[in-house]
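Below you'll find a set of structures to go through.
The two complexes that follow have chain A in common; it is paired with chain B in the first and with chain C in the second.
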Partner chain A sequence: MTDNPISYFFSCLFVLAAHIAMLANVFINGNYDSITSVIVLSCAVLILDIAYFVFMLFFRQSSYTINFLLILVLNMSVIFQSCFGGVYFSVKHYITAIAALAACHAGYLLCRDYRWLQQHRTFVYIGIGILFIAILTLTGSRSMWISIGSFSLQPSEFIKPLFVLACATSVFEQQKKHRILCFNVVYENLAPLALIILICLLQWWCSDLGSLPTFAAIYISGFLLRICYPKAKFSKKTFILACVILLAAALAAMKFAPAYVQDRLHTDIWNNTDGSGYQQSQALIGIASGGWFGKGPGKGFLCNVFAHENDIVFATICEEWGLLYSLMMICVILIMIAVPLINPPRSYYHGTMAAGVCAAFTVQMALNIFGSCNMIPFTGVTIPFISAGGSSMMVSGFMIGMLNASLTPTIIHRKQRRQPA
Partner chain B sequence: MKSIKRCQFVISLFIVVFILGMAALVVKIQREASFYMMNSGNHELGMVYDRNGDVLFDGSLEDSDRKYEDNYFIDVGNLIGDNKGQMTNTLVAKNIEKLNNYSFSQGLVLEGGKAAIYTTLDHKANRKVYDAFGGNDGCAVAYNYKTGEILICTSLPSLDVTKGYDNIADFRTGTLISKAMYGTVPGSTQKVSTVISALEIMGADRLFSKRFTCEGKYTNKSGDVIDCHDAYGHGTLDIQQAVEKSCNPFFAQLIEDDELPLSRLKEVYKRLGYAINGSESEYIDINGIQCEKASTTLNDPYEFKTQWGCIGQGDTLVSPVQLMMWQSAIANGTGKMTMPYLIDKVTNVHGRVTETAETSYSKALFSEDTADTMRQILLTNGANNYSYLINGYTIGVKSGTAQVDDGKKENSLLVGFVDDKALPIAFCILLEDRNSTSLKTENIAQVMLDALSE
Partner chain C sequence: MNTTNLMLCAVSAAALDICALILILAAYVERKTSTKKWRRSTGGMELAEQNAVYPLDCDEILIGRHASADIRLPDISVSRYHAMLTISDGLWVITDIGSKSGVFVNGNLVQRAILRENDVIKVGTRRLVFRKRRDKRDR
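Up next is the complex of A and B:
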């Protein structure tokens, strides 16, 4: 960063300009009783922006692209969440946004060195085990929340980054094959398989089947990169067999899904606008009434619908800010997870890790957005960084830190290039 | 580096699939946003116009508004309907989304929205026909058999939708439906279908060579008696005379004839669109309005019920619209029905035309030869028996008297077409309880054709 102060300056300026434009919109079009609420919100957002820009100067990284995108999207999220139903300053979401920033740097620091990660993989399994036990013992009667005073934690969220790490692999690890009967087995590949089975059982026990596709996507990305790495004797038979098993599992899941899942699979929301289709129908009406440019911050009606700030948050933003702005917001998140396409992962291990993070983020966004818009069955998953919820924000921050850690260190890269000369 | 590219490929795969999904979502929202808004209870409706720009429905009208004179909409009240939810099979109820003064880019347009449906109806002509019923119940429907435009469709009793439904309990039976769309006992107008079937199966020469005798009643091969409306009998008749006299014994004997096998009769009836012997009936779609299709019983050619059904009594039901559509297949000389429509064009909130009507035809119900022969039979009937009743037009017609309420009441029907390139009209008129009035279907036909030729 310090190598390129012009880039740093203009990146800061871009983020600040984007947030100031949003705050100006709140000021001009927003629904507020007192200007104080807008001033407080503006100050909070701009102070966090500037504080983070300063903090970045002291935190040496190979690349800061993701950090700029992260602060951009997090403060966008703070502004969105502070406007639902009327402008006020959402302190809780602000704190979770700061926690997400901190988690991002923690993720970066922990995941930079893949050798260290591989050596300590056992801790990943132990972490998952502890979370399993916590869910089984502390969440009460088969739910997914642990309540501590006025706070609630969702431990299954914390399994996601650990599972991404469990699914990450190196080419070297894939060479350690063992002959069992007539199969060449990589022992290390059995752990993710066992974990995904256990996670399925756990999610079923918790009645939280909505998160399963996210875990399945992480596993699928890991599985694909295990059977398709360059020196692997890629077996089409294995691939076809895996597809058949996956299809059979999906069909079986559809057939034997619990009643509440079956209901969501087959519900006609427009014939159940007061029942099981209430949230989705209201969400779609909200999007339609918002149009391209929205009704104005705080002027929507979706704030009266349950889970407007997380499960149907896309629609709530569409209603107040317009579909165009919501698409831009999604675009920023997509750019963030697409950074590894421009700045390639530093190792195969980091590549598989980045793919896992990307899979988790895209599937979560798809489940939330397409589910609330009645394109797929409705689930209660969150949009990373946008939906309210501490667990989700911190985990998303940590995972984006993992993604950041996977990028090729450009400074080192340049130094290496200079050496031959 | 190759290994890293694999990772990037997987990342790209997830992102591309997600972007495709988002694109589909945007398209879906764009296309369905109006529908969502209609379900929100917060909408601004536009207008429905007739072919000359007369208002048939005004979505901006509040309950207390008295913008239009009393009963202004009554002639089309149960066809055009409103958005109150009391009538579900009406033009407005079935096309309410098209009237939504909303666009995704503009949102709800509270004033000056141009969402509208321009119908093919002629309000003035419709009103004249409505008035011609003189308070009697029934319905009349007429359309251009070349283009398919429905010009007249009125049904009595009707209602003034602007007055609301506070006294709905006092509404007479049938007030909230357009009877033209619902099955009714067709009486002898059914004989048109039977003659078409006989022509298809036997051919014109064989059918015209047939002679049957009417002695006022006919005891069929099962021992049941088919009465003729002329107790003295019509004597020996050929098919032309039988149609003109509407002779029941002739048709009972025709159904029993070995040259008209039941299996083939069923085939032709099915082609015409009948649901036979309780098979599931379908609907004719007229811009979303569901029009009932015909149904009848064809079990045994010697059985009373089958013969009675082919004569047009008993459990045979045909909607006036379908009777009119068969006339178009005859009048066109092609054996193909011209499909009727009510909506000429639709404009959106900006006034831009989003939908325009196109003429379409059914598949061939019968051959061109059959159509031609049937056309001649009806035109001869018109010339011989109706030229002095309906003046000024060359028409092919068939009348019918339907026994309803277990024979306690009789409805009068008239189906036909005008054989004139300048006035290509096919029509059907139903006058209920004909014995309670001196009015005749021919009188209504005269008013209708005069109004349309103005």
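Up next is the complex of A and C:
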């Protein structure tokens, strides 16, 4: 049971209230043929809410805030996805939302004991290796998907949480230095560097360059935390050198980028509204026509544009629900990843892990939103939990579980169990 | 869109806003509980010097002269990174991490030692007492 029943009760109540208000908006403003679709959607959302509130009571955690924010965002996403182009119940997205909740608890259970994780770090590298082989053998050099029957998996998505774990480190591990020639080397620092180089090469090979900034953000957060503390080699020279290397890498990437990337970098969407600028120009028109309060659930036209439910999902939500609501949705996700700032992790390993997750989520959201608004080239990266897609939802769920684990480390539980005896 | 619909949009946006606010407040409440739990499970210990007290609020604590050390002892006799305090299964352990002058617990030179209440740790010329945490009003 929870330690703060009053806080738990009110959190449940307000999450339910937020969803009921959304469903009332769908009922009164929505575009639907039959009331049955609204009733089915409402029942599915409220049942999932209540079932999850009851289910969470069986897990003794120090913090439930992330769980509440997760269910809030997931059911918001189910409502959004069920309203694109007319209200209907999106069963597929509902199932992936449940899978994301399950993945969150898997992530929580796996990552709360960081000493265990460190002892089994080899399995993280093995997991990344298996995914590399899967990408090399099962996807083509121009594709990033593995098709199994009617399902498609994106194996590069699954590398993200493993890479976050590979970049996480403890202060104790940072003290284990090995002498190679005249350098003091920490093996744990070399592994993420080798991995990011391999990931870059692999992503280049399978033309999934949109994910590269996410991996780069995870690596940079791990690198910065390592040079700031505990080694404290965060000098101005190191910082400038790191910036110069990063800038050179970015310039080289732009210079030698494939033709389709060059095209996206230099395209003028308003002169090319039927070609490569089609999605972004439509997205901008959609955002503008939605205004502050939107056209109403299911009344937008962006549902006719390709990838409206994942790549330009922000614009689709803006059109139907309004810019105000869309920005608040982004705020809720930002609050979810900012919870470790309110309730900081008790170990450095969990801190670096949480930083990696936050970096990945922030960059993903920025790429999607700024891409939709034509502020940067289109990347096709998803907004965690909001965009449709099983791989993305499950991986995002797992990563939020990792974030949750950092707030409830095992050390507390071990001692707590002993006390009654 | 008519006024009722606009009102409804505003209400649903406000409900989400209030919900987010309540969850932020809940996070602050949980922070207090979490801190209490941490102190209970780690014995609520602290390191005390003559004029300073260092709470042990995370599970790996670096002691040293360097600015980035968690417990900074700006004294030439203390190495930049001198010792490290870790906790495992409710027991605090001090480990010498390659210091020049060594770590002494109750006068004995140690490489690694389990700490007990009121142990005196000597790091360079600095003496620290490992003791139960005292509330401000007790001091």
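For the reader, a short list of remarks on this structure follows.
Rule of thumb we're sticking to: the second predicted complex is superposed on the first by the 394 of 421 C-alpha atoms of A that agree within 3 Å, B and C clash if a C-alpha of one lies under 4 Å from a C-alpha of the other, contacts with A are read in each partner's own complex, and residues count from 1 in each chain.
In this section, a residue touches a chain if its C-beta (ideal position, glycine included) is under 8 Å from a C-beta of that chain, and two chains touch if they have at least 3 such contacts.
This structure is a prediction, so every number in the text was calculated from the model and none was measured.
On the superposed chain A, the two partners chain B and chain C both fit, without a clash. Of the two partner chains placed by the overlay, only chain C lies in contact with A:N29; chain B stays clear of it. In the superposition on chain A, contact of A:L69 is made with chain C only, not with chain B. After superposition on the shared chain, chain A has more residues touched by C, the comparison being chain B against chain C. In the superposition on chain A, contact is made by A:I330 with chain B only, not with chain C.
In the overlay built on the shared chain, the residue A:G85 is in contact with neither chain B nor chain C. Touch criterion met: A:I369 reaches chain B, while chain C stays clear of it. Once the two complexes are laid over each other on the shared chain, residue contacts for A:C228 go to chain B and to chain C alike.
Superposition on the shared chain A places chain B and chain C such that, viewed from the Cα centre of chain A, they span 120 degrees in steps of 10. Touch criterion met: A:L284 reaches chain B, while chain C stays clear of it. By the touch criterion defined above, A:G127 lies against neither chain B nor chain C after alignment on the C-alpha atoms of chain A. In the superposition on chain A, A:V171 makes contact with both chain B and chain C.
In the composite built from the two structures, the nearest CA pair linking chain B and chain C is 5 Å apart. Chain A residues in contact with chain B (one complex) as well as with chain C (other complex) are 171, 228-230, 295, 345, 348.
Chain B contributes residues 1-4, 6-8, 10-12, 14-15, 17-19, 21-22, 24-26, 28-29, 32-34, 36-37, 39-40, 42, 102-108 to its touches with chain A in the complex. In the complex of the two chains, the chain C residues touching chain A come out as 1, 4-6, 8-20, 22-31, 33-34, 37-38, 40-42, 57-60, 62, 66-68, 81, 84, 86-90, 97-98.
Within the complex formed with chain B, the chain A residues making contact are 171, 217, 221, 224-225, 228-230, 270, 273, 281, 284-285, 287-289, 291-292, 295, 323, 327, 330, 334, 337-338, 340-341, 344-345, 348, 351-352, 354-355, 358-359, 362-363, 365-366, 369-370, 373, 375.
Taken in their complex, chain A has these residues touching chain C: 3-4, 7-8, 10-11, 14-15, 17-18, 20-22, 24-25, 28-29, 62-65, 68-69, 72, 76, 115, 170-172, 175, 228-230, 232, 293-296, 321-322, 324-325, 328-329, 331-332, 335, 339, 342-343, 345-348, 407-409, 411-412, 414-416, 418-419.
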